[in-house]
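Take this structure, written in structure tokens, and hold onto it; I'll ask about it next.
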Amino acid sequence: MDYQAILEEIAEEVQPFFGKGRVADYIPALAGVAPGKFGMAVHTVQGETFHWGDAAEPFSIQSISKLFTLTMAMRFIDDKIWERVGKEPSGNPFNSLVQLEYEQGIPRNPLINAGAMVITDYVISHTSDTRAAILSFVQYLAGSDGAAYDEQVARSEKETGHRNAALAHFLKSYGRLDNPVDTVLDVYFHQCSLTLSCQGLARAFLFLANQGVFPQSKARIITPRQTKRINAVMLTCGMYDAVGDFAFWVGLPGKSGVGGGIVAVDPGELCLAVWSPELNASGNSLVGAKALELFTTKTGRSIF
Amino acid sequence: MDYQAILEEIAEEVQPFFGKGRVADYIPALAGVAPGKFGMAVHTVQGETFHWGDAAEPFSIQSISKLFTLTMAMRFIDDKIWERVGKEPSGNPFNSLVQLEYEQGIPRNPLINAGAMVITDYVISHTSDTRAAILSFVQYLAGSDGAAYDEQVARSEKETGHRNAALAHFLKSYGRLDNPVDTVLDVYFHQCSLTLSCQGLARAFLFLANQGVFPQSKARIITPRQTKRINAVMLTCGMYDAVGDFAFWVGLPGKSGVGGGIVAVDPGELCLAVWSPELNASGNSLVGAKALELFTTKTGRSIF
Amino acid sequence: MDYQAILEEIAEEVQPFFGKGRVADYIPALAGVAPGKFGMAVHTVQGETFHWGDAAEPFSIQSISKLFTLTMAMRFIDDKIWERVGKEPSGNPFNSLVQLEYEQGIPRNPLINAGAMVITDYVISHTSDTRAAILSFVQYLAGSDGAAYDEQVARSEKETGHRNAALAHFLKSYGRLDNPVDTVLDVYFHQCSLTLSCQGLARAFLFLANQGVFPQSKARIITPRQTKRINAVMLTCGMYDAVGDFAFWVGLPGKSGVGGGIVAVDPGELCLAVWSPELNASGNSLVGAKALELFTTKTGRSIF
Amino acid sequence: MDYQAILEEIAEEVQPFFGKGRVADYIPALAGVAPGKFGMAVHTVQGETFHWGDAAEPFSIQSISKLFTLTMAMRFIDDKIWERVGKEPSGNPFNSLVQLEYEQGIPRNPLINAGAMVITDYVISHTSDTRAAILSFVQYLAGSDGAAYDEQVARSEKETGHRNAALAHFLKSYGRLDNPVDTVLDVYFHQCSLTLSCQGLARAFLFLANQGVFPQSKARIITPRQTKRINAVMLTCGMYDAVGDFAFWVGLPGKSGVGGGIVAVDPGELCLAVWSPELNASGNSLVGAKALELFTTKTGRSIF
């Protein structure tokens, strides 16, 4: 399929949607991003790559990083991760403490903040220098260009991240974290600060479209079963409080971040990454979600 | 694909799972069903039909009926239904009042009880004899054999359905029902009491696998867009509190009922209905879910 | 103490507070009450009576009626009532379903709506013609003048009382009501519609200031222990979501109704009833609460 | 009244209740306290003092310390404290985060943990060396003997206090704390670790029985109005989830701590402190609550 032509069509058709969302402004480092940035990248399991616009420019991937640590944790301990985190959509805001209290400190899924902290805690327990280990894993998957921690973002997250700190202490109070709260938060805030380009993301998560195997090197990252599980969790829990809408409009497993990035996986076929910093009311990239919708419409790749 | 052979393989492989669940017993009429019942039926968009076991025996479809009224409501007023009901997974039990209070009487989606009542209310507003209209619609889709109200079940539901009555009055208190509570409940309890066989179900919902068109008659039931919406809602909200698990294990849009039935849709290909009365902890048919998992594994039709 | 002079002082000092609240308007029968109405009545355990303004005019006592049924239930089964209702403040709106769900259908106390329904259910189980029995009990305590059901109010409550109906069905679903929901609601809506004057109320609840004994006749209504319990429940749960404020400003056990009445008990000394239809944000009579505050300030009778 | 004789009677009558509760064991320093300890002290506004048993032995006053910081905050900014904390009972556990989320970070009252942290934050903003200032204030009120921080307890609280840390970060995320979370927690954990004897407590809080004036020195600690407010908050919020029961059984404003201490105030008359480490299911001293009940029964001082 001529994905390049499709990306170009999309780029034209999303024009009217710029200026209708809001760049995340809870930390200065994110608020300063130019709202007009827009990039798309497609990597297919056959090894083709396509891109458009600012696809090579690194941006703050934020919650998309949860997929990296989830993958690492599955490699380390496989299904043991489900002892401390669920697999079901939450129906509550991504940083809510309420559900956590009613469910005794077991986060609903690994893609809400509390769940991702539990996953990060597992990763810490299985690595010596966790920050270096995560970065190295990301660079291995994404190629080295642009994969880095943004220390300014990490520091800002830490200084303003009291709700996340509350979640971490709350998890600790239920015995759901093995490592010290400060350690978990330090790694967590760093993983959120990771920068990658659309090209890096599309390359990095191509294994999710390929039964867990990294196509270039044929290296197995995770098992087919683990791959299926991550894709299922993405589809049912990956888009904050717009899971149902995303399933309808896009119909592919996806994960978004408040930096304006979204990664989507079309199993057996390709991985697609988009970036546009303006967010809609659900906290997902407004233009990015529209671009993904157009992509599945044009390619007929929706699952429904 | 030789679906008949696949059904036979499944029938053999699910044998060890009988006797491990629990037949619903909240009303006597359901508690009396033989736990060993097991049927499967597949209808493809090409017009082939396959079945196995008790596939022709009518059973209480319970919550699967929510798909019939949802379809009817969409035919009547299309996207206007979303004014009083959401499209997102709930993260709470199917009959919880808590979320409803926090969200001002807007049910999370049309497949939890409160949401289905709102839908039923819409259907009542657009039909003169609603019970007859629903039955007639079901018979049109399913073929007449076995499609009927089970008055004994409807009466039992009414007598014991105080939580549902609470939900309906609660919705009414928020102005989310146009018709009298008793009218809505009467229709609701009747739709839950509908009986159909696996064959009837597989035939009835084939339009969801065929862009909204009933294959036999080529009649359009709903638009492709509406079809996509129903399938998306089923995938993200159709299996009570096991949406994530079902997406992982089965990977198809599906809807279950406490009578032990499950309908699953493979868009573009087929509709599959299974029935086995024993339920797992999530309230879904234990053997039925296993059969569906085997089906998508054997056919390679999972979306992930 | 010269209570008459005190009432007259209060009447003057509360003048600036008229016109600052809002008459309850959820049913037409209440909305039509003249907002300027104002009455006060004091009955002492020594047999003195004092009154001012519209103290002889019957009004809708609404939630104050919960004290009558609570007293009746205690007479019938004493501490057995606590099996289905708690004794602690709720911290939630008087008609919330949320807490009820988290606490398995056990209402927090007998003075919130759900708790009062449980109490009413007990009363129904111990009387043959409950509506007549309640009215007769009220008339016995209050003297017959003005004690009556307002059928128009009862009907309105029923027609609009979907949240109360939701509570009742919810209680029933947890097995907390022995009688049919409709029966409980019928009695409940009737007790809420009871009309009494300030004089009637002050006379009726004087036994709460007198260790459970009706001073005139020396008849024992309830035991000293039961009296203490009702007074404690009133102080900690009697003023909707303004229990703490009322304890501070007034410092006496009290119970209010949305009809604008408040009854307060000064144990060992007197019972005081006030009526002014305009309500403050907490749903309590604005002028009435002010009058009570002035009363305890002037008499030095606050408990603190 | 012969309070000494009453204390002796009580000491005898509570004997059967020893051994029926459970010493707090969430930190080792508390778990090690001998369960048979029992002390009582009464200080009257006339200057009499009475005591019994281990009344001179310092123990961990825990939540009773909330009264000291509340008094300090009132002295500094009076009613301004109510901008960030409510005055109503909570109906939820003392350390719940749920209500805090639904009420946008405004704790229900100053005697639950989150509310006390807000108060401590105010105190920090108005003192230079807060820990020294609190200790000095306590020593001034209590007399110096035994008033001290137990650094071992403070350290244990900090190490295990993840739920409190979660509360503090949560408050901070809502902008309800002006000082750094770590600073607030450090002071908070220290105030909880304060040790005092029953005699110290009864002396310290006598001003609450005396319109805000410290009887010995005639020094005014707070205004009569502030005194009334603290007493009202104690009565409606001071006993965790047993406010209603305590109002019934004891009928005096009181505040308990998990160290087994309870302080009760009889306005105009006396202050009474009891200590017995075994707790009942509500987290209040089992023997202590019984002793207080006997005291008000014997003295006829209950407010009801």
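Miscellaneous remarks
Letters A, B, C and D mark the chains in the order given here, with residues in each chain numbered from 1 onward.
We take it that contacts are C-beta pairs under 8 Å (C-beta built on N, C-alpha and C of every residue); 3 or more make two chains touch, one makes a residue touch a chain.
Computed from a predicted model, the values in this text were never measured in an experiment.
With every chain reduced to the mean of its CA atoms, the largest distance from subunit C is reached by A.
Averaged C-alpha coordinates give centres for subunit C and subunit D that are 32 Å from one another. For the pair subunit A and subunit C, the distance between C-alpha centroids works out to 56 Å.
Distance between chain centres (mean CA atoms), subunit A to subunit D: 47 Å.
Among the residues of subunit A, those touching two or more other chains are numbered 102. Chains touching one another form the pairs A-B, A-D, B-C, C-D. In the complex of the two chains, the subunit B residues touching subunit A come out as 86-92, 99, 108-109, 227-229, 231-233, 235-237, 241-245, 247-248, 251, 253, 267, 302-304.
Listed in rising order, the residues of subunit D touching subunit A in the complex are 96-98, 101-102, 162-163, 165-170, 172-173, 181.
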